Amino acid sequence: MKTAWALTILLICCAPTAWTVQAEETVSPPQQLRVFDTPNDSGGSLTVTWAQTDQESKNLRYQILLKDPAATEPKVIAEFASDTYYVRDAKAPWWTRPAPKNMHQFTIKSGKGIDLKDGTSYAVTVASVAGEQRTSAAPVQAKPEPNWFNWNQINNLAIVMIFGFVVLGSIQAAKRREIFLRRIPGLDAVDEAIGRATELGKPILYLTGAGDMSEPSTVAAAVILGRVAKRVAAYETDLMVPHRDPIVMAVCQEITKQSYLEAGKPDVFKEDSNFFITTDQFSYTAAVDGIMLRKKPAANFFMGSYFAESLLLTETGASTGAIQIAGTDSDHQMPFFVTTCDYTLIGEELYAASAYLSREPVQVGTLRGQDIGKACILVALGVGTVLATASVLLHVDLSLALDLVKDWK
Amino acid sequence: MTLLRRQLPLLITFVTGILFAAQYYIPHPASELMLTSVSKWLQIIAGFALILGVTSLFHIHAVKIRRKEPGWGYSFVLYAGMLGTIVIGLWHGGKETTDGVTTAFGWIYTFMMVPLQGTMFAILAFFIASAAYRSFRARSREAAVLLIAAVIVMMGRVPLGEHLIPISGDITQWILNVLNASVRRAILIGISLGAVALSLKIIFGVERAYLGGGKE
Amino acid sequence: MSFAERMLHIDRRIIFLVIGLCTLIPLLYPVGLAIKISPEVKSVYDYIESLPDGSVFLLSLDFDPASKPELYPQAVALLHHAFKKNLRVIGMTLWLPGTGMASEVISRVAREEGKVSGKDYVFLGWSPGASSVIITMGQDLYKAFPTDYNNQPTAELPVLKGVQSLRDVNYVVSLAAGSTGIETWYVFGKDKYKFELGGGCTGVIAPGLYPLLRSGQINGLIGGLRGAAEYEVLIGKKGTAVAGMDAQSATHFAIILLVILCNVFYFLIRTSGKTAGQN
C-alpha cells in the first residue's frame, strides 16, 4: 500500500516533467528557402527568402549564415527576431516582389564587414534558433551579379514615355488649332517695362540667375532673354546682362546677338552687353547692386534660380524705383520676389514664358501636354486619398488597391 | 557652318540626352562609371570656360580704366585683389594652414573673405525688415491671411513668442508640416513636370534657342 | 502729407537702426528664455544617441562663410555630440569656399573633446564634382578621397578601418546652405547606397525640405539658428546659437510690430481716402 502511494506520488511529481518534455517541441528548419542574386541592383548583393512558420514567437530567432568560397565554415552575418524581415517590409513595388508578402526576406549586401564579389558563388542558409536548439536548412548556392535594367523603375519610365507622347500629341494638336493660354500678368508687363526704360532713356538690367546651363530655369531664362533682347533691339535701348557662369554668358551672348540680327539691328548690338562678374554668390550680388545704384536701370528682370541673394538684389532695385519682373522656380525665394517685385512668374510660369511670348504652336502644345500631365496626377492623388480615407472610415481592407496606386509613383 | 553651329550640337544633345536619361534606369556599375566620367569632363570644360569669364572681366575693367569711367579706380582694386589672391594662393598650394600656422592665403580667407561674405548675408536681416514694412499690407483677403500666417510663424519660431503665446509653437509646427509641406509638394510637382517637358524639348531638338538663334 | 503717409514712406535707415538695436542689445544683455525642442531636431539627436560606440558618422559641411552664422553652430553641436558618443567622425565638404571653415571647426571641436586626427576623426576636404563625388564615395571612398585634407593616405587611417564605401557609414548628416546639399545627398547617396540621412540647413530653405522629412527621405532636420539652439540644449552645451535666440526673438517682434504699424497706417489712409471721397 505504502509502495503504491509512493509510486503514485512519484508519478504525479514526474508528470509535469513528462508534459514539459512533450510540450517542448523540436524547432524545425526554415522551409522553402531560396537564395538568389538581388534583382535590379548594381551587384554585390544576395536575397534570401523563406516561409513563415507557426512556430514563430518571441523565443524563436533566425540567423543568416554565409560561407565564402575560401572559408571552411559558414559565419553568422545577421540574427533577428522571427517576427521581423518580411517581404512586405522590403521597399519593392508589387510587380518585382520575389515572393508572397507574408514570406520572410533578407537582403545580404556588401559592406559592414561583408564583401560579396560579383560572379563568385556563395553558400547561404538560414537557421532557426530557440534557446539551446538550432536547426538550419540545407545551404543554397547563389552568385551576385550586376543587372542591366532596374525593373523597379519601369513605372517611372512608362510615365515619362506616356508624358512624352502626350506632349508630342499636344504639339500636333496645337499646330491644327489655337489653344487657350491664361493671362500671365508678369509677361504682359515685359513690353511695358521695356517701353518705360526707352522713354526714360535708361538701361534694362537682365539677370539669368545662379544656375548653370544644366538647370531648366537657366535655359528658360536664356530663352526669355532672346525674346526680350529682340524687343530691346527694336527700341534701341541699352541692355546689361551680368553673369555668374561663363558658359551661360557665352550662350546668352550668342542668343542676344541672334536676337539683334532678327530684329534687323545688328549694328546696335554691343559685345559687352553680356559680361561675366564672378561665380561667388555675394560678390556677384554686391557688383550687381553697385550697377543698379550707379546706372539706375529703369527695368530689372530676375529670371532663373536664386538663393539668398534674391532679396538683396530686388530690394536694392526697388530702392532705385525700377519696375521689377521676376521669374524663378526657387520656391524658397518666391516670398521675397513676390513682396519686392511688381510681377512674379511662379515656378512653371517661367517655363511657360517662352510659349506665352512667342505663341509658337510647338511651345503652346508643350504647355498643354504639361497641363494634361498635371491633371492625371491630380486624379491619381484624388483616387489615392479617397481609397486611403475609405479604408480607414469604413474599416475595409483596400490594401491591394492602395498598393497598386502607391507603387505607381 | 550650319553643320557645326546647328546640326552637330543638336545631334550631340540628342545622343547624350537619351544616353543619360537611360542611365537612370541602368543600375550596372558601367552605367555609373559613365556618369562619373562625364561629370569629370563637365568639370574640365567648366574650368576652361572660366578662362572665358575671366577674360571678359579683365576686358570690361580695362575699358573702364582706359576711358576713365566713373569708379575706374575700383577696377584697379579688382585687378590687384584678383591677381594678388591667385599668386598668394598658388604660393601656398591653396592651403589655409601649414603645420598649424596660418598662411597668407589663410589670412585672406579668414580675415577678408569670411567677414565680407558674412556681412553680405547679415544685410538680409535689415532688408527683410524694410521689405516687410514696405510690402506686407493686407490689400486683399488673401494678403490678410498671408499676413496672419506670417505673424504666427514668426512668433512660433522664437522662444519669446512661445513664452508669450505657448500655442503659437504648435500652430507653427502644424503650418510648416501640413500646409507648407503640401503646397511645396504641389509647386514641386508643377516645376518637375515643366522641367521634364523642357528637357524633352531640348533633347528632341524642339527647343533650340540655347544654340543662339530662333528658327532656321 | 499726413502723419500716416509720412510714416509709410519713412526712411529705410530708421528701420535698419531699429533692427540693429534689436540685434545688439539682447546680445549684450541676454535674457535666456527656455527653448522648446521640435520633433524634427530631436529625431537627429535621438538617432545619434542610438548609435553604438565606434559607429561611423559622416558630416558633410556643405556651406560657405556666408551661411556661417546659422550652420556653424549646428556643426559645433553635432560634432560635440558625435565625439562624446565616441563615434568615428568623417568630415568633408562639397562647397569649395567652405573648406577652410570646415577644417577649422572639426579640428577645434576635436581638440576640445580630446580627439586625435586619423584615429578618432578625419577631414577629407573638398573634391570637385558634387554628385559624382557622392557616387564615387558610394562605390569606393578611397577612390573619391585617396588622401585627406592633410595629404595623409586615407587607406592607412585607423579611423577608416572597415569603411570601404558609403554603405559602411552608419549616419550621414549634410549641413546645407542650398544646392549642392541635402537633396543631392538623397538622390545620389541614400537612394542608391541605403544609409540613413539627416539634414541641417539655413532657416530660409528649411520649409522647402519638409516634404523630404515627411516622406522619410531624411530622418530629421535642424533648421536655422533655432534648430542649432535646440540641439545645443539637447546636448547640454549652450553656445552661440542659444545666445543668438534672444536677438532673434527681439528682431522677430520688431518686424511683427513694424508690419502691424504699416497696416494701421495703410488702413488709416484708406479710411480717410474713402471719407474724403464720400464728402
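First chain written, first letter: the chains are A, B and C, and each begins at residue 1.
Note that contacts are C-beta pairs under 8 Å (C-beta built on N, C-alpha and C of every residue); 3 or more make two chains touch, one makes a residue touch a chain.
Note that the coordinates shown come from a computational prediction; the quantities given were computed from them, not determined experimentally.
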item: Touching both chain B and chain C (chains); value: A
item: Which two chains share the largest set of C-beta contact pairs; value: A-B
item: CA centroid of chain B to CA centroid of chain C, Å; value: 18
item: Rounded Å distance, chain A centre to chain C centre (Cα mean); value: 22
item: Averaged-CA centre spacing for the pair chain B and chain A, given as whole angstrom; value: 19
item: Contacts with two or more other chains, residues of chain B listed in rising order; value: 29, 32, 117, 120-121, 128, 130, 132, 134, 136, 184, 188
item: In chain C, residues with contacts to at least two other chains; value: 12, 64, 66-67, 97, 207-208
item: Two or more partner chains touched - positions in chain A; value: 42, 282, 308, 331
item: Complex contacts: residues of chain B adjacent to chain A; value: 21, 24-29, 32, 45-46, 49-54, 56-57, 59-60, 63, 70-71, 116-117, 120-121, 123-124, 127-128, 130-132, 134-136, 184, 187-191, 193-202, 206-207, 209-214
item: In the complex, chain A residues that touch chain C; value: 42, 109-113, 115, 280-282, 307-308, 319, 331-333
item: Chain C residues within the chain A interface of the complex; value: 12, 64, 66-67, 97, 162, 164-165, 167-168, 177-179, 192, 194, 202, 204-205, 207-208
item: Complex contact set, residues of chain A against chain B; value: 40-43, 146-150, 153, 156-157, 160, 163-164, 167, 171, 212-213, 216, 219-220, 222-223, 226, 243, 245-247, 249-251, 253-255, 257-258, 262, 272, 275-279, 282, 285-286, 290, 294, 308, 311-312, 314-315, 318, 329, 331, 336, 339-340, 346-348, 350-352, 354, 362, 366, 369-370, 373-374, 377
item: Complex contacts: residues of chain B adjacent to chain C; value: 29, 32, 35-36, 39-40, 43, 96-97, 106, 109-110, 113-114, 117-118, 120-122, 125-126, 128-130, 132-134, 136-138, 147, 150-151, 154-155, 157-163, 169, 173, 176-177, 180-181, 184-185, 188
